[in-house]
Amino acid sequence: MAELGATLTVFLVAVVAIGVVRWVGDTLNPVQLTVPERVPFAGGFDPEFHAWSRFHIRWYSMALLFLAFDMEMVFMYPWAVVFVREGMISLVEMLMFILILVVGIVYTWRERGFEWS
Amino acid sequence: MSPAWAVALVGVLLMVSVYLVAVMETIFGLRVSGVRGYGRAWALPMSRAALLLSQRRSVTERPDAQAWALAPALLGGLGAVALTAIPLAAGVEVADVDAGIVLFGAALVQVMVAVFLHGWAANSLFPVLGAFRMAALALSVSIPFSLVVITTALPAESLSVGLIISSQESLWNVVRQPLGLPIYLITGLGFSFWAPLQLPDARDLSGGTSAEVSGAALLVWRVARASILVAVAAMGAAAFLGGYLGPWLPGWLWMAVKTFGLLAILVWSGHRIARPRMETAVKLGWTVLLPLALVDVFVSGALTL
Amino acid sequence: MRDLLARLAVGAPVPVFPVAGGGTREALARLRLRPDVHLVDTPRHAIVLLVLGEFPPGEIAGLAAVHDMIPSPRVTVHWTPGGPRDDVPRSMRVDGDDTALVAALSRVAGEVLSGTRASEPPIRPDVDPVEWRGIGPYGHGGKGMTGGTPFGRPLAERAPDRDGLELDQLSVTVGPWLGALPPGLELGIKLQGDVIQEVEIHPPAVTLERPDGWVRALEVPVPVAELELDRARHHLVWLGEALRVHDLPALGQRTLRLAQGLTPGDRGEVERVLAEVRRTGIYRLALRGLGAVDPSQVGGLGPVARAAGLEDDARLDDPTYQELGFRPVSHRGADAADRWRQRIAEITQSLDLAGRAGDRTAFGDGVVEGPRGRITSDGILPGAVTVDLLPELLTGLEWGDAVAVVWSLDVDPTGVASRSSPEGAAA
Amino acid sequence: MSGIVDFLFWVFAVAAVVTGWLVFRTDSMVRAAYWLMASFVAVGAILVTLDAQFLGLILILMMAGEMTIMAIFMVMYMMNPAGLNPMTMVHQHRTAAVAGAGAFVALALVGLLADFPDRPAPSGTDPTVDLGVELLGESMLVFESAGVALLAVMIGAIALVSKRGRYGDADEGSEEPILEKTE
């Protein structure tokens, strides 16, 4: 814990420092904008709608694949630490685990899950 | 290390190296565009910063103002945190944590959140498109990224970056796992959304997540983004090039040389390699980098035994 | 503090947002090479709004909106042949060449940064697009879950989607002054997520760019060396701009620099640069398989047609070119990558022809092979046809891919104007 | 030192609860997802203060991707995803209140009444190592079954969502459900 105290402090100071720079900028040039100055840029025409809409991502199958692989990464860290100690068995075991998951990638690729346009 | 020293050290290092990244970017740009005379490059980043500070910050019609303010601060904070996980010389480590590479990985993966918020918050078409690009890009590179970083922990039998460096006494990891460093650098470019993988802030989106940002807000965003690149390069030097290890020169100098060498490669590749299509980037992550990273894990693992 | 910042900021290139009308292709390319000027892609990053070139009569479409988007301090500079226009108040006019322009840009930027020149106020009135304050249960203009005009704009409408879902469809007009598209090109698009569902071409916001050298060749024979150097220069400028949009601005600058004062003797340097473009992997990473055209639709479109495998070239029928042993280069893929390859191959071919042509002349009987395709005396330019290809080609593409396809076609929005009457172009 | 750790523990604990509460107080799907992430990050930080560094940090690492995916899917499917029209994130107030109070009481009772073993770990052990040994030793079957379960999840998810698979469109020959009520 003690070691991460310094990290936490560094994080907070960095966040505050960036906030201060932004604040200095706002003090030098106060942000009081009229309506036309706030129109979002799309090349010269006012947007008809809010840009926040139900955004259809085409890579949702990739996102689902990621969820499964992210779980796998959790196992990898402790595995790496004991790898040398446990020897061949750890290699084979992880190989089995990964190969099972690779089937998932191959399947997604075959179903054209990485393509969207 | 005491928090006060940590803040001073990381602060100075980040400021110096972010400035150098900006200088490098200019020099490589001039070189590739065929102009000689790089003297101007040294003062240019300062002038640019002054110009941005003299401009007013932009606000769109109905943004998520808090998220917009948070995004650059979070991004810069993450760059600083990532740097604390890395020993800068023998024994000079801000956070000597057992799970050092997990700390580094956690900081880097959170970059996705900062960039997504930065684009989403503007409530404008192109920044929003950039936000979703960052999500797709980061999800595609994060698994191979974690895999190659974990592989460096195999010979060290530890997740501590300090021990990973000292395990390279006899042989650097770049030799032990030749696939590791290239995959690390490509995925690192993805996390720092730096050219050629600057898809979220690309020109085809007129600047993407920063298309609606100006003034001091744009300045801090660019600085924060460069700080991530610096952290990536420093970790690359530590995990693959033996960090501060090396003959004759003092350790911190070796670390600096290696870090700036990697930074030069990263910045250089932005001017020399084309930006891939979004779909190509996603496919590259899942069908090329991920299988290669797995090969890397098992081949290097088998060789370590 | 402000003075110190202003003094420091003078060392930086002036960020300029260009609103480029007709006839400014070359001028923009030259400006991109100036170290003291930085042409930016979004008005938010600019200090100076530069209005250059020719526009249809009446107000310049979108100019006032773009002007107001530039964060203060902002200032407008006109570099138009017709003199200052009244759409932008207190505008400053520059006469003279690029050097005068660059000097003026640096000067006004310095003035407006240090405060000796006041920042321009917004042009458009400070009123909400739709009355929304105080309307509805929360006073924000909205109604229910998705109705009303919260904060002045409605939410996107729903429409069925290719994947069988019914999700939001966002209609938006992009351009005419979008850094990612050729200046003046204005598209009405419908987006679902990042994929384009529908494209509508709007009239261009710029006047017709008459390729004078080429139009002259319709009537009188013109030296081949001149024409071919012009062609190579055109393609090099195209390459420079396209590389910039593909985020390789430094390589793009190098290409644009080559286009200045090009001679057949530059061939070695040209080839080195083209090899560097190839080595970036741009074909494989960014272009391959995108925007394949149907060869039957691209007749007369010069490089676009030849990239689709057609031996379509007015030079084949010209006796001078026959004498020079001209054979058109062609590619077969018909996609964006092949269009890039085609133009790149034509650059060296043109330099070669220009070197061998001596003082021979060609054309002069009503048909000319221009850099974008066949120009005939009926006045319709190839740009008109290229723009017509867009709705079909862009539908179903991710936005970035669509931008790549637009550039690979070397779309000339002003071509549309060549087809319609001047009144039509202005509308 | 332990005073600071206690202080941080309470700071993170309060942060975890407050950000968790904010998830239901916002109108924006993105904010809701990231408030939830903030809550998890605070829990991760608590774990770190309790000297479970690896678990705490890995929680923070994982939540970035997971919560971004959650934000993206919510934006994709929810009407009015940014909450431009105010709405409430809470439904079935009574059931929710009863369930929440019940769960709190039950957990609090466990915390207060259960007889926790008092076995301080000997100093010098690395929990990560123990975890690894456990995974590769006795819990190997669990570990490998997790792999198979994850594969099943992947294939199931892809089979459900992919429309343009190699066997053609997934909804070929299917009919839209009739939404109008038939009298």
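Think of it as A, B, C and D in the order they're written, each chain with its own count starting at 1.
The definition used in the following text is that a residue touches a chain if its C-beta (ideal position, glycine included) is under 8 Å from a C-beta of that chain, and two chains touch if they have at least 3 such contacts.
These figures come from a predicted structure and were not determined experimentally.
Colleague: Going by the contact rule set out at the top, which chains touch both chain B and chain D?
Modeller: Shared contacts of chain B and chain D: A, C.
Colleague: Quick check: which two chains are joined by the most contacting C-beta pairs?
Modeller: Top-ranked chain pair by contacting C-beta pairs: A-B.
Colleague: Report the inter-centroid distance (CA atoms only) between chain C and chain D in whole Å.
Modeller: The computed centroid separation for chain C versus chain D comes out at 47 Å.
Colleague: What whole-Å value do you get for the distance between chain B and chain C if each is reduced to the mean of its CA atoms?
Modeller: It comes to 33 Å between the two C-alpha centres.
Colleague: Starting from the mean Cα coordinates of chain A and chain B, work out the distance between those two points in Å.
Modeller: Whole-Å distance between the two chain centres: 13.
Colleague: Can you check how far apart chain A and chain D are, centre to centre, with Cα atoms defining each centre and the answer in Å?
Modeller: Computed value for the inter-centroid distance: 16 Å.
Colleague: Any chance you could list the residues of chain D touching two or more other chains?
Modeller: 53-54, 58, 65, 69, 72, 76, 79, 82, 84, 126, 128
Colleague: What residues in chain C touch two or more of the other chains?
Modeller: 2, 5, 42, 44, 69, 71-72, 150-151, 153, 155, 163, 167, 170, 172, 174, 178, 193-194, 398, 401
Colleague: In chain A, what residues contact two or more other chains?
Modeller: Correct list: 4-5, 28-29, 35, 37, 39, 41-42, 47, 50-57, 63, 65-66, 70, 73, 77, 80-83, 85, 108, 116-117.
Colleague: Assign the assembly's chain-to-chain touch graph to one of these shapes: line, ring, star, complete, other.
Modeller: Per interface graph, the chains form a complete graph.
Colleague: Under the definition above, what is the set of chain D residues touching chain B in their complex?
Modeller: 28, 30-31, 34, 37, 53-54, 57-58, 60-61, 64-65, 67-69, 71-72, 82, 84, 126, 128
Colleague: Across the complex, what residues on chain C touch chain A?
Modeller: It comes out as residues 1-2, 5, 42-44, 61-66, 68-69, 71-72, 122-129, 150-151, 153-158, 161, 163, 165, 167-178, 181, 186, 192-195, 205, 396-398, 401.
Colleague: For a test of understanding, state which residues of chain C touch chain B in their complex under the given definition.
Modeller: On the chain C side, the touching residues are 2, 4-6, 8-12, 15, 35, 41-42, 44-45, 47, 69, 71-73, 113, 150-153, 170, 172, 174, 178-180, 191, 193-194, 244-254, 257, 276, 279-282, 285-286, 290, 398-401, 403-404.
Colleague: Which residues, counting only chain D, touch chain A once they are in their complex?
Modeller: 1, 4-5, 8, 48-49, 51, 53-54, 58, 62, 65-66, 69, 72-73, 75-79, 81-82, 84, 126, 128-129, 131-133, 135-136, 140, 143-144, 146-148, 150-151, 153-155, 157-159, 161-162, 164-166
Colleague: So in the complex, the part of chain C that touches chain D is made up of which residues?
Modeller: 138, 140, 142-148, 150-151, 155, 162-164, 167, 193
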